[in-house]
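Take a look at these structures.
One chain, chain A, appears in both complexes that follow, with chain B as partner in the first and chain C in the second.
Our next item is the complex of A and B:
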């Protein structure tokens, strides 16, 4: 590893979403933290409690996770009271000597709360937005306003795609200079092509997604009907569950194509690889998407990808690995037949080649390196005074919020007197053994 | 075997607690005693509250207006009752005694002189740890004993000494466990 000046940041990942919950954000936080730990930073994760999982836990490589005893209130999020858990969050931030807070996901109120407290304590904050949002419905309007307030004083934002950046800049009115794009990555070693699992005499189309309106399940139902009736040698495997599952079941029963359509229900993440490897073609019919992890995973398994051209999807894969269509039935069908022809005549990029390409494009170490640049940049920014901080909230137009922030400031001052910093025991850093550090640095060199 | 009470060989202190040990260095391979004692038995705020309530009582007695008197007497009685209750549950010191093949004993002495004893047999002590515990709005370090039956048992729960005290105790207990395994 090249010897250069490196700041040892102490990073706090704050989000409502973390293991044992499963999903894209959780995986992102875990993998990013692991890579940062390997690079020698100190990383802790702050999340709320899950059932009996309360307290401090350690995960792989000494990743310290604080499951704070706060009850989730709606959709796995805590109630944004801003005040009730303030002493506890301050205590954790002080005892771990955090220098950077990295909040994840716009839905996560705990992330916003921690970032706000961090700003008042003079800690730099970074925020990663994982999803795209509309502007029209009530929930979007509320979330957007909340996000705008929260990001008004955030040092830097990270989005997962350029479309995501555009979206965030528009709805949260963040200056685009303060927004970077760092995509997600996929653990390519877990998604390798296994050609022996594929069916020989039939062409299998795999769909893995939550079965909800946003994912275009209505389109999918029509496509299944059309393809199965025209082409007896095609079968569908559908993984995932959701409110639209009934629609697919109805289509299957009405047309009597039970042998050609398999509904697997919800899948564990470890099962996804095996399901993907059973297919030749991966179909994605999303109507909106910030960044589609599923198609990267499928491409890593060497499948042909057919996907709608929405959101950040065109940025995700190079054009030779993906067939893009418009989000309507005729266009998707056209793309699908093109893919079927390619499979029949063995045209296009072969699976192993495909895997190698994805591997070269996506790895977590690269993501961590780019995030590190953001951290280094942010840590050089000068601290803001309270007045300046309050002034940055004024453009949002929510004046009562200034009162909330001022009240939080007063509370923090009070706590400084009641539980002074000298009364807080500093947490010991987890030491990775020398041999492990060496092997880690050799991994870094290879990449 | 245990040093005479009153003769303390070693004591360390910070602004809140005093850590005392009455065992000689040469005996530490088989026996450890540590005592965590509060420096001040009454905190300032409690003294101030008691003084204030007594003052108010005296004032209302002197002014001698019956309405004021009956109400304030009631309030003061409640305040004093609560403080009295607090005192009776207030811990004055906690002392830990571990003797090699016998076991562990934790004695909690309350300000009223009441004592509570917690003990564990030697077989059920598998390991000693320092753990992070989220306690109300704080994250504190506690010394804990790992047992096969009850899982983890935390020690010094009432006085919750700072980390540097725990480290001193931990080192000795760890050495003792290692020597007598």
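Our next item is the complex of A and C:
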């Protein structure tokens, strides 16, 4: 069977995490949506309200974003009541004639809820998992069970690294055939080396991450102390904020190395590139990481990368672009001194070469192409009857959940009678002809 | 209605013009969809790919492989039950014997209340026998220590004086509360004592202070049912020996089957003189705690299925920042 005709998917990206929030997931959704729009698909984003940001807004190239009037409940996620926001989500899905729902992030309850409602409406679903999870503690066990329930009836999963795939297959018990590995990419035109920004007589080590435990800030503090006391010619620039910032400030003040350590606080994404370009070496001390966009961005800026060998990080960059270390202080120090020596003696891959290499490896259009294949595949899957759908939840062992799904189905039938589909206005598709010329106009339509 | 201003995002993202996204990429980690569908079908066994490079576990070099390709190396780094210590049945029984020991002490304590309350034994005799018993055990365990520590004498003396003075107060403290309530409270408090007691396992639930306080609260409740202030004094002394002194003394004895059996026998003999039903229940409880639970604990070990792998969060070993000054 060959698929030569181009299927016109109408895709709904659903996630609790979206602009104005910033992070890996948000960037992924935005860039993927942009590429899909350029490929001629219709894409909308579904997220919850951010303060006064409620309603429909348009972003670059007519990317339509629904900020649903649901308040976040915990950790920027909505309360997954499965019922209360059902009429609204149904309305949006029907109005936009969505054919594929693409949920993002295992933490996002809105994504799971939308996918569940979508399944009941006969829409195919794809889910991208951006994070890794252990199996040991109670919270992990509960989250894994919820994920298993949510993915039991999902058409296809996407993970950002091979480790992520292993992890998802284990924790959500998804068949490995249904899991694709499609990494993140980096906008290599934004992250270009600017050697003139580098300090001449000093070696600068840049760290850009949220300052939380999981990013290994405890390790970082010990490393800063050691490196600064031994090398007066090395300075640290740290971008990002978080609860562990105090630890770094204490280290800096106690050891009197204020001149060598600069804490920039939280950065706008647009500033990151300039901060990266001030450095020679990029240090990442994460304790767990599914993909790690930061090291790719830094490599794209031509920095030498020193990173802990955790999660998916070893898969991301070819060995000549990265120095991998174990997640402990002596090993990271060894890696860091190796990088410093390389900078001093101008060994290793030169920055421009480094940038070219990353450019050849990662590219959003390529990611979009590969995601498109997944969309094409799931859209060919036959629709499931309610009985079959309910049956797929049985292996999870959470039988009360069948009641929840059945109740959602009844509600949807009730809504079909109360607000029939024929009464819902269909949204006009945004035409994206002049976007090539006018890619900067962000305000494109007034609702 | 909504004007969307996404300046910060735009500055980094919007200048990504179409040409960027379309910039040709050397890497083609994908196959054309038509090829893809046929390949997916047969990918379970390796694809017939004589010309394909061997698959590598990275995100950039697997040209020609479909994205949902699963290699033979899948889950190679999965480890199971890394930190599990397998116990033998004897070890499990000995571990459970600590709980039985505690249970025996609580039962003996309750029996002493019964004996005092029903005048089965003279309070002075009871005081003398229990105190000398504790004293002998102390001497046996700590005979190596050179001299009898003075501070211990001091605190024992302070306790005796204050206990003797306060016993009339304790007697009337809960007198107005009905007997049923008193018994119910004491039962609950003794359960709390048993649950939160430090049996030598580092669990979240362990709280020595809560366990001791609950037990003493339970015994103070019971005090008001006794006849005289001297009875109360004797009873409080026994309570302190049972709940404050005995854990310290017993912690230095290694648990063994002999100790377990002697505890159970003594308790059972004392118990059977009071009520045969209760002693039967006691024996059943001991059997449950000390034989059934350890048996199933060991047996169900085979169900243990802890998964470890590269996705686990690394553990930070703490090195003091000060240490770096030295080297």
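The rule is short, and it goes like this: the second predicted complex is superposed on the first by the 429 of 447 C-alpha atoms of A that agree within 3 Å, B and C clash if a C-alpha of one lies under 4 Å from a C-alpha of the other, contacts with A are read in each partner's own complex, and residues count from 1 in each chain.
Here is the rule we use: a residue touches a chain if its C-beta (ideal position, glycine included) is under 8 Å from a C-beta of that chain, and two chains touch if they have at least 3 such contacts.
These numbers come from a predicted model, not from an experiment.
Touch criterion met: A:56 reaches chain B and chain C at once.
Once the two complexes are overlaid on the shared chain, A:273 sits against chain C while remaining clear of chain B. Looking at the shared chain after the overlay, A:331 reaches neither chain B nor chain C.
Look at A:21: by the touch rule set out above, it reaches neither chain B nor chain C. By the touch criterion defined above, A:87 lies against chain B but remains apart from chain C after alignment on the C-alpha atoms of chain A.
Contacts of A:318 after superposition on the shared chain: chain C is touched, whereas chain B is not. In the superposition on chain A, A:66 makes contact with chain B only, while chain C stays out of contact range. Using the contact criterion defined above for the overlaid structures, shared-chain residue A:31 touches chain C, although it does not reach chain B. The partner that reaches more residues of chain A, of the two candidates chain B and chain C, is C. Shared contact residues of chain A with chain B and chain C: 55-56.
Taken in their complex, chain A has these residues touching chain B: 54-56, 66, 68-69, 85, 87-88, 91-92, 95, 419, 425-427. Residues 1-4, 19, 27, 30-31, 34-35, 38, 55-60, 65, 132-136, 156, 158, 161-167, 169-170, 176-183, 187-190, 214, 216, 218-219, 221-222, 225-226, 229, 251, 254-255, 268-270, 272-273, 287-288, 308, 310-312, 314-316, 318, 327-329, 359-366, 368-370, 373-374, 376-377, 435-436, 439-440, 442-443, 446-447 of chain A are the ones touching chain C in the complex. Taken in their complex, chain C has these residues touching chain A: 1-6, 8-18, 20-23, 25-30, 33-34, 36-37, 40, 43, 57-61, 66-68, 70, 74-75, 77-78, 306-319, 321, 324-325. Note for the complex: chain B touches chain A at residues 131-134, 137-141, 162-163.
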